[in-house]
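Right after this note come the structures.
Shared between the two complexes below is subunit A, which has subunit B as its partner in the first and subunit C in the second.
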Partner chain A sequence: MSTPVAMQPVAEPATGRNGPRPAKRLTGFMPLIALVALVAALTVADPDFLTPRSLTAVARTAAPLIVLAAGATLIVLCGGIDLSIAALASLSTVLLALWLPNLGGMATPVVIAVAAAIGAVQGLAHVLLRIPSFIVTLGGMSILSAVALVVSGAGTVRVVDDSPVKWLELYVGGYVPMSAAMALLVVALIAAVVKATPLHSWISATGYSESAARLAGTPVDLVKIGAFCVSGACAGFAAVMLVSRQFSGGPTMADNLLLPAVAAIVVGGTAITGGHGSLWRSLAGALVVTLLRVGLPIVGVPSAYEQILYGVIIVVAVALTLDWSKVSIIK
Partner chain B sequence: MSVPAEREPTTSAPVPALEVRGLVKHYPGVKALDGVDLVVRQHEVLGLAGENGAGKSTLLKALVGLVTPDAGEIYVRGEAVKLRSVVDAANHGIGMVFQEQSLVPNLTAAENILLGSEGAAVRRGVYRWDVMRRLAQEQLDKIGSKIDPLARTDTLSFADRQMVEIAKVLRIEQRSQHPPVIILDEPTSVLESKEIETLFAQIRRLREFASVVFVSHRLDEVLDVCDRVTVLRSGQSVGEVATAGAVPRELHRMMIGSTGSDDHYHENAAGPVEAEQPRLSIRGLSGSSFRDIDLDVAAGEIVAIVGVHGSGREDVCRALFGIEPTTAGEIRMDGKKISLPNTRAACAAGIGYVPAERKTEGMVGPMSVAENMTLTKQKARCAGPFVAPKKQAGLVDRWIDRLSIRTPSRDTPIQRLSGGNQQKVVLARWLIGGDIRLLLLDHPTRGLDIGARSEVYRLMRELAANGVATVLLADSLEEAIGMADRILVMNDGRVVTEVACPNGGKPSPLDLVKEMV
Partner chain C sequence: MTVESGAAVPRRNSRRGTAFRDAGPPVALVVIFSVFAVLSPQFRSIDNVQNIVDAAAVLAVVTCGITFVLMMGSIDLSAAGVMGASALTVSLLVANNRNDNDFGLVGIAAAVVLGCAFGCLSGLALVLLKVPSFMATLGVSAIGLGVATLMFAGVQPNISDAMLKSWAIERFLGLSYLTWIAAACILLGWLVQRYTRLGRYAFAIGGAEEVLTLSGVKVKPYKVAVFTLAGAFYGLGGVMVTSQLGAGLVQAGNGYDFSAITAAVVGGTLLTGGRGGILHSAVGVVLVMVLTNGLVQVGVSPYWQGGVEGLIVVAAVAAAVIPQRRRNQVVK
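Now for the complex of A and B:
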C-alpha cells in the first residue's frame, strides 16, 4: 500500500510560525523605503540637496563604507561578525602610504593582498581554535590598531606622490565618481559570484544552521575562512579609497567606519543571526547611513549626535531583522 | 463508533477533571483544530492518538495556555475557564512535560524542580538550601524517585531528567487545591525500552493522585499505559476506545481512516543480499564511547544496530560519517581502506547520513527544497563552477516526482513541508549524485506519521535493491526487526550479539531486549 493517506502537502500547524511574518516581509523593502524617504526629506530641508554636485559628494563619501560593509556582510551571512574591518582598513591606509613611494602602482594590489591575508588569519583562528568570531575580531581590532600605531609612528603618513591611487578620484562620464563606481563593481562582482555558484547554498546553510551544513558535507570551514579573507580584502580596498581622497594614511583613519558599517548591514535587513540577507541590501544600507550622516548637519543637528544615531539604528534594525526562532534556541 | 465525548454514559465519576468542547483553531491555510471534544476523567490516564497534523500539539498547547483557541470551551472540573498563559494553566492545576526537555543543565535537580515556584525555599530573595532540598525531596517522593535532589541535572540520565521534569510539573499542586492534570507530550520518543518501563510505572503511580494525558506516536505504548484513548484526525475527535482489549490495528484504522498496511515494512520487497565482498567493513573500531566494533554490511543489506540509551550506537554511526573521532580500528569500503577525518571525507567516500534531528541537523529550514536537495552533491546541478538553473530544475523536479515529494514547488522553503516530505528531501540529497554506496540512517522515521513512515520504508527497500548498503538505527525494536536483514545488539559500547533477521525468520523483540540490558 503506497497511498500516503495522511500526508499533507501544506504546512502542519506546528511549523506555521516559520513562514515569513509580515514584519519580515516589510524589512525586505525597508532599506529602499528608508532611502527614498531620506532623499525626499533632505530635499525638502535643503532644495540644493538634489543637485549632481551634492549627490556625487554623497556617493564619494559612501564608497569606502559600501566596500567595508559588503565584505563584512559575507561574514554576517555565515552567522559571524567582523569587528576588525575598520582597524584593518586603518592599518591598510598606513601600509599603503608607507609603501607607495617604493612600490608605486604595485602598492595597491599588495596592500589588498596583505589585508586579505590578515582577514584569512582571523578566519583560521576562528575556525581552527573554535573561538567565536566576535572575540577573534575584537582581539584582532585591538592588535591591528596597535600595529598601525607602531608602524606609522603614531602619526599621519603623508603621501607625496599619489599618482598611483589618483585614478579613484576620476569621474566616470563626468558625474559618477570612480570610487563609487568601483564600490558598486565590488558589490556586483561578489554578489554575482556568490549567486552563480554553490557558494550561495553553502553560505546560507552555514548561516542558518551550521550543524546541518556540516552534516550535509558542505565545506563550512573553508567558506568561513573565505568570507574572512574577502572581508579583509574589502577593508584593504576601502583603505585605498580613503588614501586616494585624503593624500595620507593614518592609524585611526577608518576607525569611525566600524559602527556605520555594522549599521549599514543591519539596516539593509541582513539578519545578524546569519543566513538571511544579501550584499545588495548592505549597499542600500550603506547609502542610508551615509545620507543620515550627510543629512544631520543639513537639518541642523550637531554631528556629535551621530554616534547616538548609529547606536539607535543598530539596535532598532537588529530588533526588526532578528531571527527570533533561532535566538530562542541559541540564547 | 465515535461517541460524542460529553455524553459518555459511563461517567460515574463526579465531574471530569478537564473537558474540552468544540475547540477550533485556525492557522493561515490550515484548520488545526476543527471542533475537538475531549474528556479527561479524574484519576485516569487518557491517551491521545493521531497522526502528525491531526491537531495533537495544538490541542495540548491550548490546554496549557500557549495557544488561544478561536472558538470552543475548556472546562476545569466543570467550570469554564480561559487559559491565557502557562501560569494561568498552572493555577488551574494543568501542567505539561514538554517534548523537548526544559531543565537547566548546570543547576541541581532541586533548583530545577523549584524553578519558578520557589515558595518557601526563597526568603528575602535568598535561597535557603535546606528548605529547597526538603521541598524538592517531597516532590521526588511523590513519584517515588530515588534521585539525589542535589545532583547536577546534567549528570543525570535522560530518563532521570524526565523524572525531575515530572516532579517539577507536580509543583502545580501548590497552586490549586484539586488533583492536577499532567500532560506528557511524546515522553518516550527519546527513551529506550527499559527507561520506558520505569516511566510507565511512574505514570500508573501518578494516576493515584492526578489525571494524566499521554501522547505518543507509538500505539502499543498508548494501549499499554492508558485507560482510554481519544483519537484525533484532521482536527476532530473521531473516536474513543477503552484500551482493555483494544489492538493497535483498530487505532491505526481510526487515525488514518482506513486499515493500515499488512506489509508495513514492505518485507516482500526485501531482496537477496550479495555477499562476496562486504561494502562496508570495520574492524576493531574504538572511540570515546564504543570499543572494538566489528561490522560488515554487504551491498543491498540493511543492518540495524539496537541498544539502549548510552549503548554507543549513535556514536558508531557518527564515527562512520566522520563526526565522532575514533581512536583505533580500520574502516574499509569495498575493500579499500579509508579514513574519515570529517564529513567531507565521508561524503567523498559515497557515505550518506540522515541525522535523527531532522529539523536542526537534517535540513536547513528556510532554504528551498531545491537548495536542500542539492546541498551535498553540488556537481549534479552545476556546469563547471556555476550553478546551471535549468539543470537544477530538471534534476530536482525529477526527484520530487520519483520520491513523490509533496511540495508546492521546488523553490518552497523546506520548513513548509510536512515531516515525511522533509525527510524525503533529506534522503534525496544523498541519492541525486548517483554515487551513494552506504547510507547511515539515524532514526529516519522519528516523528513521522504512519503513511510517511511507510514511504520511507519503501524507499529504503528500493535503495537496498539498487545495491545501497544501509546501517539503520531504528526508532523502535519493531522497526529494526521489520526492516533489517541482520541486527547487531550493542550494550555499553560493545557489540554483544548479532542476530540474523531474514524475511520469514524474524526474531522476537523479547529475544533482543534480553541482550540489550
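Now for the complex of A and C:
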C-alpha cells in the first residue's frame, strides 16, 4: 500500500527465521490452540456438539469459506489483499445457475475458468497499472456486484436440474461431506504445488521484500497475477459449492462471506504485511471462524453479535500477526 | 514551517501537473454535464438539477469526512457501519414508534458523538495496534453493523420527529434543508482544512510523515483526531439518511463508503495522501451524482451504478499513478 520508509536502520533482517520471538512462536500455534479451545468449550456448553451429525454440518458450512480463504491467502502472502472474492463468488453462483441448463456438466469448469480469468484481469490491473491491490479489488467488488445484479435481473436464479453439481452433496465413507473433502483437497493441492515448486520461495520473497525479490530476478509480476488467478478460481469453486447447497444462484448470495474469509486468513496467523503464513493456517482459521459462527447460538448469544465478533477478530488478529519490524509507517 | 515545506516541496516540482490535476475535475464535470444535457431533455430541466444537488447532500457529508482520512494517506472503509449505527441511534432517540424517547436535537447530537466514537476506535486501532487503516476500518465497519443490528432488534423504528422529517422535505431557496446542511459541512470542512492545525497536519502527514515525525511533531494524536472527525461526518450522514427514509435502517450507509472514496478520488484527492482537499471532493461528489443521474436518464440500468463507480475509481487512481510509476516500484 504505502512504500515503507525505514526511519532507523533496521538491524534485524525481516525474514523472521532466525530466533522467533516468544510472542511470534505463540501466534504460530494460535489457530490450533483456538480451534481446540473452541471445540472443548462448545462440547462443554452442549454435549451433543461432538456427534457426527453436528460435526458434518460444521464441515459442510465451512467448505466454501475454506476454499475462499485458501485462494485469498496466496494474495495476502504476496503482500496484497483481495476484497473481491465474495462478490466474485456471488457473480459465479449467478453464472452457474444461468449456464447449468445449457452447458450441463461443463458449466462447473467453465464457471471456474471464467472466475479465474476475472481474477487474472484484476491481477493484471494491479501489476500493470500499479494500483494498490485493495483499490483494484474494491473497485472489482463494486463492478462484479453490478454485473451480477444486471445479469440476474436483481433476483434469485433457481436451478431446476441440479444433477451436474449434486455430487458435492454426497458423503465420502458415509460421514465426511464431499464438499468438505473437496475443500481439503483444494488446500492440499495448492499447498503441495506451492511447496514442490520454486513458487514457495517466490511468493515469500515477494511478500517479505518485493523490491529485493525483483532485484534477485524473481518473476514478481507473474507470481502476483498467478495468485489473483488462483484466488478467482477458488471463488468460482466456492460458488459451485454454494449452488449445490442452495439450488439457486443469487447476486448477493456470497457477499457475507468476505469478512469471515478475511478473518479466517488473519486468525490463521498469515501476516497481512505478506510473506509469513501458509494455506494450512487459513484452513485452521476458517474452521475457527465457522465454529464461532455455529457456536454463538449454542452458547446463547444472539447472532447480531456475529458481525461485532468478526470486526474485533480482524483487528486483533491483524495486530497480533503484523510484522512490526517491516513497516515503520502504517497508513 | 514543517507544514509549509511538507506540502509545498512536491508541488513546486510538478507545478504544471498539479495545475492540470486541479483543473481536470471541474472541466470533466462541465463536459459530462453538457453531454447529458444534449442527450436527455429531462436531464437539463431545473427540477432534475435540484434533484441532483439534493441527492448529493448525504454523499457530500460522508465525503467531507473521508477526504481528511485520504489526505493523510490512510483509507476509511467504515462509513457503512458507522452510518448504520448512527441511523439506528438517532431513530431510537427522537420521537419514534419503538419507544417513548423524544430527545430531538440531543438525539441527533448523540448519533454524531457515536460516529466520533467509532472513528476514534479506528484511529486507536491504527495508532496503538498498528493495524493498517483499511483493515482497522473494515473491522470497525463490521462492529458498527453489528451494533446497528442489535439496536434494530427485528422491528424497524419509524421516526415521527417533525424536525428531523422536515430536513428532507422542507425547502429553502429551492433546495432541501439537507442540502444546506451539506453545504455547511463543506464550509466547515474547508475551514478546518485551511485554518486549523489539524487540517494542516493531515496534509503534512500524507505528504511526508517521516519528515513531520523527525521534526518532533507527535503525529499519533492527530491521526486519531482525523479519524474521529471523519466519524462525526459519517454519524451526521447516518442522521441525514434517517431523515430521508423516515426510518432507521441497518443498511442506511450501504454503498456510501465506496461512493465517497470514488467522489474524493475523482475530485483529485490522491490515495497516497498529501493532495486534494474538501473543495476538490465537493466537485467530485457533484461529478459522481451527475454521472449516476445522467446514466439513468439516458436509459442505463441503475444496477450499473456501482460498476460505473468501480471503473471510475480504478481509472482515476491509475491516471494519478502513471506520472510516478517508475519511482515507487513497490505497490502492495
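Operating definition for what follows: the second predicted complex is superposed on the first by the 309 of 331 C-alpha atoms of A that agree within 3 Å, B and C clash if a C-alpha of one lies under 4 Å from a C-alpha of the other, contacts with A are read in each partner's own complex, and residues count from 1 in each chain.
Throughout what follows, contacts are C-beta pairs under 8 Å (C-beta built on N, C-alpha and C of every residue); 3 or more make two chains touch, one makes a residue touch a chain.
Quantities reported herein were computed from a predicted structural model and do not represent experimental measurements.
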{"item": "Subunit B versus subunit C as contact partner of A:A216, first or second or both or neither", "value": "first"}
{"item": "Residues of subunit A touched, compared between subunit B and subunit C (which is higher)", "value": "C"}
{"item": "Which of subunit B and subunit C A:V262 touches, first, second, both or neither", "value": "second"}
{"item": "Which superposed partner A:Y208 touches (first subunit B, second subunit C, both, neither)", "value": "first"}
{"item": "Doubly contacted residues of subunit A, that is, touched by subunit B and again by subunit C", "value": "1-5, 7, 211, 214, 329"}
{"item": "Residues on subunit B engaged by subunit A in the complex (per definition of touch)", "value": "25, 27-30, 32, 51-55, 57-58, 255-258, 261-263, 321, 323, 343-344, 346-347, 353, 355, 360-367, 371, 374-376, 378, 382, 385-387, 404, 406-408, 413, 415-421, 429, 449-452, 454-455, 458"}
{"item": "Residue numbers on subunit C that touch subunit A, as the complex places them", "value": "72-75, 77, 81, 125-126, 129-136, 138-147, 149-150, 209-210, 213-214, 258, 261, 271-273, 301, 303-311, 313-314, 317-318, 321, 325, 328-332"}
{"item": "Parts of subunit A lying in touch with subunit B, wherever the complex brings them together", "value": "1-16, 18-19, 196-198, 200-201, 204-205, 208-209, 211-219, 275-276, 329"}
{"item": "Subunit A to subunit C touching residues, read off their complex", "value": "1-5, 7, 79-81, 125-126, 129-136, 138-143, 145-147, 149-150, 154, 210-211, 214, 259, 262, 266, 272, 274, 302, 304-316, 318-319, 322, 324, 327-331"}
